[in-house]
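This report concerns only the one structure given below.
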Amino acid sequence: MINMTNTILVIILLSVLLSLASNRLSALVRIMALQGVMVSLTPLFLEHHSNLGSGGLIFFQIMILIKGLLIPGLLFMAVRKVSITREIEPLIGYHASLFFGLVCILLSGYITSRLQVSLPAGHELLLITAITTLAAGLFLMMGRTKAITQVIGYLMLENGIYLIGTALTKQSHTLYVVEFGVLLDLLVGVMIMGIILHNINHAFDDVDTTLMRRLKD
Amino acid sequence: MESILSFGVALLVAPLFPGIILKVKAFFAGKKGPPLLIKYYTLVKLLRKGFVYSTSTSLVFRMGPIVVCATALMALLFFPFGGVAPLLFFQGDVIVLFYVMGLGRFFMVIAALDTASPFEGMGAAREAFFGTLAEASIFTMLILFYRMNGSLSLAGYFTGPEAISQTAPAGALLLLVIVALFMVLLAENSRVPVDDPATHLELTMIHEVMILDHSGPDLALIEYGSFCKLLFYASFVAMLIYPFHQFGPVLAMALFYGAVALVYVAIGITESIMARLKMNLVPKYILTSFTLAFFAVILSMGISQ
Amino acid sequence: MNYFFAALGLVLTGGVAALIFHRQFLFAKGFSLLLTVAGCALGLASLALPSDGPAADWSLTWLQIFPLSCSVDSLSAFFLVPIFLICPLAAVYNIGYQDDAGASLKTMVGVFFLNLLLVAMALVVVAGNLLTLLLAWEVMSLSSFFLVLYDFKKETTRKAAYLYLVFSQAGVLLISAAFAIIFGSTGSFLFAGAATLPADIKLLVFFLACAGFGSKAGVFPLHIWLPHAHPAAPSHISAVLSGVMIKMGIYGIVRTYLLLGSQDPLIGQAVLVLGMASGVLGVLYALGKHDIKRLLAYHSVENIGIIMIGLGLGMLGATLGNPVMAGFGFAGGLLHVFNHSIFKSLLFMGAGAVVKATGLLHVDDLGGLIKQMPVTGRSFIAGSVSISGLPPGNGFISEFLIYFAAFHGLSETGANLILVMLAIISLAVIGGLAAACFTKVVGIVFLGEPRHEELRSVGEAGSWMSLPMLLLASFCLVIGVFPEPFINAVFRTVAQMVPALTVDHVLVATVGTNLAWASRLLLLMVLLIMAVRKAFSLRKEVARGPTWGCGFTRPTVRMQYSGTSYALSIVSFYRPFARIRTIWSGIDTIFPKQAAYASRVDDIAEIALHRFLVSPVAFVLGKLRWIQHGHIQLYIGYIIGTIAVLLLIFFL
Amino acid sequence: MIEFIFLLPMMTGIIALFLPVNLGRGVLVVTALLHLQVCVMGWMGKLEPIFGAFFGRSPEGMLVLLVTSFIFLFIAMYAVSYMAETSMQSEPIFIGCMLLFLGTMSMVALADHLIVLWIAIEATTLVSAPLIFINRSKRALEATWKYVLICSVGIALALLGCFFVTLSMDVAAINVPLTFTSLNAVAERLDPFWLSFGFIFIIIGYGTKMGLAPMHTWLPDAHSEAPSPASALLSGALLNCAFLGVYKFHTLMHLAGLGSFSSNLLIGFGLVSMVVAGIFILRQPDYKRMLAYSSIENMGIIAFGVGIGGIALYGALLHLIHHSLLKSSLFLSSGNILLGFGSKLVALVGGLTRFLPKTAVSFLAGFVGISGLPPFGLFISELCIIFGAFQAGHYLAAIVFIASLVLIVAGMAQIVTDMSFGGGDQVEILVGEGFFRVMPPYVLLAASIILCVWLPDEIYQTIINTISVIGGTIHG
């Protein structure tokens, strides 16, 4: 089982690095779909989650559907609609971003080793992945100009937080509320962002957030 | 009784002394000069004359001479001529007196401004300005006097065993004060080097220009008032030089008026040998007097402790 | 306290009635005036009643936990007198002053806020604990802010009101800080706790409160708002603001001092130094100003300085165990509070009459008004004599007491001696400069020839306006000539205020009598000389003609000496403390057509405030506005940065 | 059935999305009335929670709930008139979202479960976004984008914080429901490291929503670009809800013996917010932004007061009530000004006293109130906070507090006097003053005055109950 978990986690890490290096939006969305599926799968392979009831299984299926299909689908439609295919001028270049991702992994490892928390065996990598994903999400939001990329960054941030949640907490006292919350949040959040995205494109003829600097002092 | 007499004498002799100044100046100029009683003649002449009022003036213009004269007389009421107890005295009367004279100046100045004459306005401005500085100098002296004998009245300064004079303890400091007070005297009474009463150019005058429009008895009142004021200051200087009260009243009076005459002579000499200062140097001049007085006060701190 | 509160109730009703009935202009005016005067009369009367006067108490709990209480002691009673005396006179004056039925609502709003101000001031004075004082203080600031804003169409007025609001808010926060420290160590809102503070905390409390109250009083260098705000308001309001309201700052300082009961000489020394600075610089800037009302406002700074000198001497004397110095210092300061309220409101009313008649404020535009406005002119001269501290005006009486205190302080040693000496010299300089300044105002505005033809046709102020002025002018003289009851009353107040202080009653009585006789003697002398002059003027011809032009044959009224030139040489003597700026067009041709010259005197406190506080702060804040630059990416960066910083703090 | 308090507006909100305009307006006002009524019933203790594991009646929540419900009623009345005047597009969406917004905010106030609270706060972001967005102008779009993105990031971080708080339970091997009630009971046994660690993320997360600097960046944009009724709700109600999140965790920290840590954070954030607000209020060219920055300032004051504790805590809760009343009143007045002058720029607005006299009075009175002058309640609350700060010995912080208050009054006074009295000789007023757009600000102001003169014992008792949990007392 542990090998399985680790495999998934490595895939997630890879997807993070890829997303940092990718300049094509459609590729980015595909990566996010993959990452979403993997993130939703992670809890299933963890030891203390193994005794899932049937309700739990259904829940995770829905989760995979949403994270792996619905949201990427929405994003895909958005990308099509705004008809831009690539991030042209990132605020931080791709090589630098990739380098940042690597540094992030290193730092996450350091932090994980420093945190005085008794993690179950094999969870170190989970925590490393989680923190890296979270940091990379924030990084994408800061380092890219296109509004869609920022939405994707936000998704990654949520993925990271979700992973941290699964890594650190016992399932017993949350009663799926956490997952439910994250899902709802993601869903509605992305839908709203999608609507705004659409309107931004409509109003500004672009989804470049550098154009949105009217409101300042 | 003595007090009333001494006050009466002072009133009588006040116009005499300016004659001395004129005599001294004439002597220095190698001339014969006007008679000693010239000022009495002037007063009588003025009192006989009628009035001329400018159409610009109002009631204030008429009040001016009255207040000037009244305040000067009031100052004399409190002065212990020759160490003889004055008619009136109380703790704090010096403050009252200098403020009363301030009132005189106030009315003098506004009466001058009432004429709407640019020259009189100029004189008024100068009078007001130099007055503020002289006042500071005088109050600094009062500080010294208070520190010397703990009194706040003219009678307290100059009568009784504690009287302030050159011969008193710490009297040496008074030398500074005498010089300072003499300088203030010249400034306050519009003498050379601050003002030249004999000048003929209105632009350079202070006191004389302010009374250009006064006439007849009004002018007489102002003149008499300024004689009294001059006598007040001269007596002040004289009393600081020597404690006359230790002699009998008559002798004291005689000696005292001799000393006063000397002060007037000194004024006359100063007027003869000095030129009038440039107007912008006058503040510095009065400030010098203030500095001397202040210096004396500082020294007194060292001596009395 | 029932009568007292009834009095305040009447006044407040008067204000509210004015608002309600503003459509019936005359009725509203008359009705509110009636209530205000009745209320003030009742208020004055209540001070004499045994159940209401000193030592009457009243308390209430507000919002479940906050205690409010009022009590009248002798100090409160003393400060209540000017409030109940000057405000109704201002209200009477206002009947004639604001007679434009078209601006009825505006006028009535003014009446409302004036009455509210009156009530608030009365409450400030009787406040019995920290909270009540702050509450009343804020109401006072607020109502006076709206009064300053009265002529809101002028930009200068808005600026003045703005400045005033900022200063009064800063002031009240400083006062709150001082009170908070008292609250902090006692845990109660009561005044009584202040006495139990440690000595160094007492100093801190006093200086905070002094800065807060001082900014209201107009103590240098916190006076900056005052010369802007007082001229901006209508004159009857300026009269109340300058005559009464700024005294609340003095009340606060005295009250804090008494509450703390600190024996640190530093307090007295500081008050003394502040007083000297305010006094000398206040009068100096007054000389340099040529707008009548602004000039009067600077004289308020000066007189606050004199009051502070008196109080400082009193505090120092109390610390040093010099009862004469202490008693006379306090008495002089307090009496000057009362006297200043009389002559300053008189002068502002006079200025208001001039402004109403001519519409002009600059002294160099006016002239010769005493012929057209004899009552105003003569009252103004009486006020000028009083404010210059000259006998027989009332200002002299209080200044004399302060001098008396100062001279008795000369027996001290060291730094205290130097300070006392400086105090005497400053008083002398202040007196001289004030006289110079008021000769300027009287001479240029009321005497001489009118500088404009239109000024020849102005009329005297109506009787609603003249009556208060005449009353106040006669108060000035009455106090000057019959000072004994006032001196005795103020000494009684001081004795109850500081019971430890024993001033020789005989000495007080003698000083009072002597001053009285000196004033009367002066009047007698004047009468005597008048008689003499009369005797010499019998059957004399009186000729009239133009002023002697010293040979110049075609004088014009523009050639009169102007206020600017009158004051310039004096002000330039004090150059480093008064910044003089001159604007001169220069002469470049042989026959110049027109040349312009102007000079203005700037307040160093204002310059310093701009240069060292406002500009740097505005510069730094302006740079910091970059924070909100619009980049969403960096906004997210802020969040991450904050996390990083907090985590670093957490782990380190 | 206390859940009814939030279910009612949520249901009517969803229904209103599909109703015709006129009916929708009616539903809005009627729901607001009903909601207030239900709230009062909740106050009287007539309603008990059904899902006790998730919802409860905490005193602080009830306080926020009542304030929200009260101001919502008047904002709803205003909104009806405002919408009629502006002929708003997609009005059903606006009405529906207003109601949903009310519902989610009520849910925040009633939430007792960590995650339910989190969900509710996140939901407020999502349902309020359309309110800002409703004009669909470029500026509104930009504001909404920033609002949604920044707040979502913040809220996500708050979720992370919640995980750490949960972890502190796991580490200490405690197994209780994730509700504040049960956590408070075992607070002393929670792992202090993870609890503090979590609190950092929570204060940043909810602080973003609350508008604490430097996470406040979205606030001036969103509050100024939203239509005035929405701005009034955002400032008057939403910020309180976010504050509630911070406050509940602060209570937990305090009970766990980590009060000084959370207090210091709150004091720090409070002061930074006030200073930042001061920077931007000075010479602010846009009056709605000025009001928005003033909200940041007041949230800073509240955070500061809570951090100080003692009497300052009492002051902070009073401040919360009065700030909601005054700020929403100010935003409503500013809405009238915006309608009348058609511009948010101070420079283009002048002479309110002549052109919009009633609004001028309410605007000025609101300014007087927000500056902390009597007879409005912020006077006493700010005083309590200053008194508390000195009592607690935070001299330096108190000095910064006072300095920034002066700075802010200086900034606001200039703008308000200019707008009310200055400039503009002849201005054409686009929309005059209607009764329903003048009355609500007056009522809100009057409420503040009344509460400053007479505070009902129930409210007083609720405040006391709230603060007594973390040792806030009135007398030292």
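Order of writing sets the labels: A, B, C and D. Residues in every chain begin at 1.
By our rule, contacts are C-beta pairs under 8 Å (C-beta built on N, C-alpha and C of every residue); 3 or more make two chains touch, one makes a residue touch a chain.
All figures in this text were calculated on a predicted structure; none of them were measured in a lab.
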Any chance you could check whether B-C or A-D wins on number of contacting C-beta pairs?
B-C
By Cα centroids, which chain is closest to the centre of the whole protein?
C
From the C-alpha centre of subunit B to that of subunit C, how far is it in Å?
35
Expressed in whole Å, how far the mean CA point of subunit A lies from that of subunit D is 31
Distance between chain centroids, defined by C-alpha means - subunit A, subunit B (Å)
99
Measuring centre to centre with CA averages, how many angstrom lie between subunit C and subunit D?
43
What parts of subunit C, by residue number, touch at least two of the other chains?
625, 627-628, 632, 636
Counting only residues that touch at least 2 other chains, which ones in subunit A make the list?
138, 141, 150, 209, 212, 214-215, 217
Can you list the subunit D residues in contact with two or more other chains?
145-146, 149, 153, 220, 280
Could you classify the connectivity of these chains, where an edge means two chains touch, as line, ring, star, complete or other?
other
Pull out all the chain pairs that touch, please.
A-C, A-D, B-C, C-D
Mind listing the subunit C positions that touch subunit D in their complex?
63-66, 131, 134-135, 138-139, 141-142, 149, 152-153, 155, 158, 161-162, 165-166, 169-170, 173-174, 176-177, 179-181, 183-185, 187-188, 617-618, 621-622, 624-625, 627-628, 632, 635-636, 638-639, 641-643, 646-647, 650
Mind pulling up the subunit D residues that touch subunit C in the complex?
145-146, 149-150, 153-154, 157, 196-197, 200-201, 204, 208, 214-215, 217-218, 220, 265, 276, 278-280, 282-283, 314, 353, 368, 371-375, 379-380, 383, 386-387, 389-393, 398-399, 402, 405-407, 409-410, 413-414, 417-418, 420-422, 452, 454-455, 457, 460, 474-476
So, in the complex, the side of subunit A touching subunit C is made of residues 91, 138, 141-145, 150, 209-210, 212-217
Spell out the residues on subunit C that touch subunit A in their complex, using ranges where they run on.
625, 627-634, 636-637, 640
Quick check: in the complex, which residue numbers of subunit C touch subunit B?
367-368, 370-371, 377-378, 381, 385, 388-391, 396, 399-400, 403-404, 407, 410-411, 413, 417, 421, 424-425, 427-429, 431-433, 435-436, 438-440, 442-444, 447-449, 510-511, 514-515, 517-518, 521-522, 525-526, 528-530, 532-533, 536-537, 540-550, 555, 557, 559-561, 565-567, 569-570, 573
